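Shared between the two complexes below is subunit A, which has subunit B as its partner in the first and subunit C in the second.
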Partner chain A sequence: MEQELLLWVRGTGLQIASAVFLIGMVYRMLHILLLGRKHSLAQPRGSEWSGALRTLWKRTFVSTKLSARGNFTVITGFIFHIGFFVTFLFLSQHIDLIRAVLGLHWPAMPRGVIDMAAVLAIGAMVALLVHRFVDPVKRLLSDYQDYLTWALSFLPLLTGFMLLREIGFEYITLLTLHIASVELLLLVAPFTKLAHMFSTFISRWYNGAVNGFKGINI
Partner chain B sequence: MTEHETLEQRLHEQGISRRSFLKFCAAMATMMALPPGSASAIAATLAKVKRPSVIWLSFQECTGCTESLTRSHSPTLESMIFDMVSLDYHHTLQAASGFAAEQAREDAMKEFHGQYLLLVDGSIPLKDGGIYSTIAGRTNLNMLLEAAQGAAAIVAVGSCAAFGGLPNAQPNPTGAVAVSDIIKDKPIINISGCPPIPAVITGVLAHYLTFGALPALDDQGRPKAFYGETIHDRCYRRPFYDQGKFAKTFDDEGARNGWCLYELGCKGPTTHNACATTKWNGGTSFPIESGHGCIGCSEPKFWDAGSFYAPLPAPTADVSSVAQAAAVVGAAAAVIVGAIDRGKKTAAQQSRKKLTVDDLKGN
Partner chain C sequence: MSTSLQRGIDTLIGQIDAPTASFFTSCVHCGLCADACLFYTETNDPKYTPIHKLEPMRRLWQQEYTFWGKLMKKVGLSKPVTDAELAEWEPLVYDSCTLCGRCSLVCPVGNDIVYMVRKMREGMVASGHAPEGLKDSTQRAIELGSPMGLNLNTLKAQIKHAEKDTGLTVPLDVEGADYMMVLSSAEIADYPEIIGAVSRIFKQANVSWTLASDGFEGTNSGIQIGSSDLAAEILGRIVHAAERLKVKYVISPECGHAFTALRWEGPNLIGRPFPFQVIHIIELLDELRSSGRLKTEGVDETRMTFHDPCQMVRRGGVIEQPRNLLHMVAPNFVEMPDAGVQNWCCGGGGGVSANHRAEPVRIKVFSRKKAQLDAVNVQTIVTSCSNCRTMLLDGLENNHMDIEVIGLTELVAEHLADNAEGKAS
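Up next is the complex of A and B:
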């Protein structure tokens, strides 16, 4: 039964999840782009492109002084994203998967670094959840989708770390759970706030282009 | 067929010393992780035990399981203890053939009804009335049902008998199934592997002879003593896995240094078997020691789990084509919906009435 389940998540399950993810994501992103922007008749005071590209890069670094989000959210969020990207892109097993699907590959990071990144990412996510409960403003702003997307992002990290260290269950069980949790994430991502993995670049570009057109240099 | 003599008598006749016999019992007790002192208990029981009748049925199989048993044992004590059971029917090993062979099987089944051990290797085809494999004009299904009736227990030897194995692999043209898919009312023990480790078969038989019952089994019906851990758990290359040191090809520096074979498709992490501890060819080595990854042969559906050389994280189905098609569908949907949106916008703009001076006058 375990082998059959693993086979299913490695085969049919992955096909279904990636199909839903790509149909949903390509549809939503392209739909946003096709909405277009109304042609401005004003005299441009600067380049849209340079403004857009500048903002694309600069928004990566949020100024805690100018943002209402506060130090804790910004810094912990940063730690989570870095930890996540390091484990996602530089664990050798993930590179094996990417090579098998896309044919691309690059050198893996040492396991010690991956472990550290995973622990930081998991810790940051737990801290962010606690903060969401404790902080009255955040608590009032949160709806079910915030908790759903938190859980869907957290499970792959947790099962992945347990798998690397074989904690709690057998390898095959953890591998099946890990792949299944990622597939769940893929299924839901295009239709929730997790779509920000792509849409964030569109909104940054848009804001940057508007400012660039007006000659605002931020 | 006469009353079987005891094991001790047979060993004595064949010139096996008591010391060798005790050593064998100690080895069996250790292998099965039995408590200290079990060796003498095994020896005392085995010495007195009457040779049980064993009927070995070979169905849809390649004889690899028998090859494994016979070749790797001789001339160790393990093969002798196998001789110590009364093997009353076995296609490959018996001298008799034709009607005489079938007669031997029927005689044994009659005389030892309810007592004999039934060993089965090979899967059983069910499609088209089971005609894809027949012995003496009878289908495997027919013969299994008859032989299982009088069996004390059934041992499914090899992955084909245990899980369906190669004949059961997609698209399974003969409708092959495992013994446990057909027989539901007898204790069945699965000794999986392609082929299984010979010492595991003798270990299970020794356990059965000593305790009169089958050993503790896992959820796949395999003896826990041998299938309780994965190859990966006991692999001597495990430290390299934990350090993230992998051989990338079969002849690179990593391979020469004996690094982990995970990226070359080793299925050790998901495979339960005793290869890494019991080893093969009289304890010489096991596949990973020879530089080849585990192919997962003791697990169900191992033929359908993708390439033996694809690493575990790789998909077992074609994800790339599905992804490409999905992207096209998503793009087409966006273009269609985008066009509809644009149409609505244009229609709304055209149907908009302009405010006139008359409107402002309140007329």
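Up next is the complex of A and C:
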């Protein structure tokens, strides 16, 4: 029974989730882009493209002086994103899966590094959740999606870490839970603010393009 | 103009374009924009968080442009935008936002928040939720030709003064001049020295220029209140005058929003490219300096700093030019912390200065400018926006700070080289 469930989750389940993710994301991004925008009739002072590309890269790092709460958000946010992507992209099992599906592969990172990245990402997520509750600005801005997407991003990290360390449940149960949690994330991502994983680049492009057009080097 | 909730909602939905949709999709509610906004940093009130000022528009985007939002709306589970809500948001959108654009610099996902506030104001006007002070000044601009109620006679009186002071003739309605100078209301009413100053500078630099009797007012309340129709009508006067006089350039005055209206929004407002170029007076002075046509002599030893108007730096890209000019005449010029693109707003841009209801919060948040000024200990602030100038004077007065505020063009004119004909005695 458990075996069958695992087989379904890593087979058909993963295919459905991946398809929803891919089609959903493409639809969502096209839906944004096809709304279009009015092209300015003003005389440009610079290039939209150079401004857009500059902001695409530079906005990864915040250049404005921030308060303590702002710095906390930036640093913790960085730790989460880096930890998440290190575990996702450099765990040998993940690379094997990517190679099986896409044919692409790269060297894995040592388990110690992956463990540390996972622990840091989990810790950062917990800290960000607590901050969301206690910081008046974040509390005011937050809605159910902020907590839902937090949970959906947290579960793959948590189950993945438990799986590597064999904590709590049997290996098969943990593996099933881990893959299922990833599928849940994939299914929901296109329809929630998790879509920022792609739309961020569109936002930065538009923001930078406006400044590039005006010849403002920001 | 008829206004109603439905018109407001329709306008807001119509304002949502690809950039806006990408910005709302990308926002992860991190709250960093709060740190960039002086209305938040000086009050610590979370309601002033820039992205929160767009909440009604965000929900409309969600309900009209997203899968879940549309579904929720269909089954009656979404919260509709109401008249009461827009009324509640009016002070957030107008009183506590100067369209300074600092929030658009800090957002890590790249949201251009001020771009959306400008759009939100279109919906607020259409729904009848714009501040009285701003409505009044816009009405005066439409009916009388100037938000401060000034008319051609006021300008002519100031021209006469300038001619008497400088011994020069101030050109009015000269067809075929290269440059047409536009002024701001505050310049005509409170800082008319600018007319004499540019007369003398242009005489020395041998610039062919004119004022226009039917297009001298650059202040655009339509942009500030957020009505593209009215903004186009106000701007159309300048365009018409420039075309009538067949000038090659229109000079934007020392006024931030006049520059934005003329330089960046102008052709889009009237729906066609301009047959002339728009240049800010400070850009022109710097061009004259670099081509050797503007020569100064003597310096002012006063310790002074420069206040960057938001629409000139962050939103306008005129950053180095004022500094080049200052270095000609002010050896003791010092930069405030955060000077340049990150400079903090005077607190009165984007129509806040015309909105009396905003006065208490505007005065409160001047503490940010005060902190910047306290760090440099200067005797004089130079700026290149007459609205900033008035707001700075007001803030300094409220804080009992003994600092002089002057316009950059006048400072340059005071140090024109001796060979300038018609130099004031």
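Quick note on the criterion: the second predicted complex is superposed on the first by the 212 of 218 C-alpha atoms of A that agree within 3 Å, B and C clash if a C-alpha of one lies under 4 Å from a C-alpha of the other, contacts with A are read in each partner's own complex, and residues count from 1 in each chain.
Everything below uses one rule, namely that contacts are C-beta pairs under 8 Å (C-beta built on N, C-alpha and C of every residue); 3 or more make two chains touch, one makes a residue touch a chain.
What you see is a predicted model; the values in this text were computed from it and never measured.
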* To do: Overlay done on subunit A, so just call it for subunit B and subunit C: clash or fit.
  => fit
* Figure out whether A:196 sits in contact with subunit B (first) or subunit C (second), or with both, or with neither. => second
* Dominant contact partner of subunit A by residue count, subunit C or subunit B -> C
* Asked: Which of the two partners, first being subunit B and second being subunit C, lies in contact with A:45: first, second, both, or neither?
  -> second
* Please indicate which partner A:182 is in contact with in the superposed arrangement: first for subunit B, second for subunit C, both, or neither. => neither
* Examine A:117 and indicate which partner it touches, taking first as subunit B and second as subunit C; both and neither are also allowed. => neither
* To do: Scan A:15 for contacts with subunit B and subunit C and give back first, second, both or neither.
  => first
* C-alpha centroid angle, subunit C to subunit B via subunit A, nearest 10° -> 170
* Asked: So, does A:35 touch the first partner subunit B, the second partner subunit C, both, or neither?
  -> both
* Which holds for A:86: it touches subunit B only (first), subunit C only (second), both, or neither? -> neither
* Which of the two partners, first being subunit B and second being subunit C, lies in contact with A:3: first, second, both, or neither? -> first
* Asked: Smallest separation in Å between any Cα of subunit B and any Cα of subunit C in the superposed model?
  -> 9
* Indicate the residue numbers of subunit A shared between its subunit B interface and its subunit C interface, in ascending order. => 28, 31, 34-35
* Structure fact -> As the complex stands, subunit A meets subunit B at residues 1, 3-4, 6-7, 10-12, 14-15, 18-31, 34-35, 92-94, 96-97, 100-102, 108, 110-111, 114, 170-172, 175
* Structure fact -> Per the touch rule, the subunit B residues reaching subunit A in their complex are 219, 230, 232, 242-244, 246, 262-263, 269-270, 299-302, 304-306, 310-320, 322-323, 325-327, 329-331, 333-335, 337-338, 341
* To do: Within their complex, state which residues of subunit C touch subunit A.
  => 16-23, 25-32, 34-36, 40-41, 44, 46-47, 49, 51-52, 65-68, 102, 104-112, 115, 263-268, 271-274, 277-278, 313-317, 319, 338, 341-342
* Asked: So in the complex, which bits of subunit A are touching subunit C?
  -> 28, 31-38, 40-43, 45-46, 55-56, 59-60, 62-67, 69-70, 73-74, 77, 132, 135-143, 146, 191-193, 195-196, 199-208, 210-211, 214-218
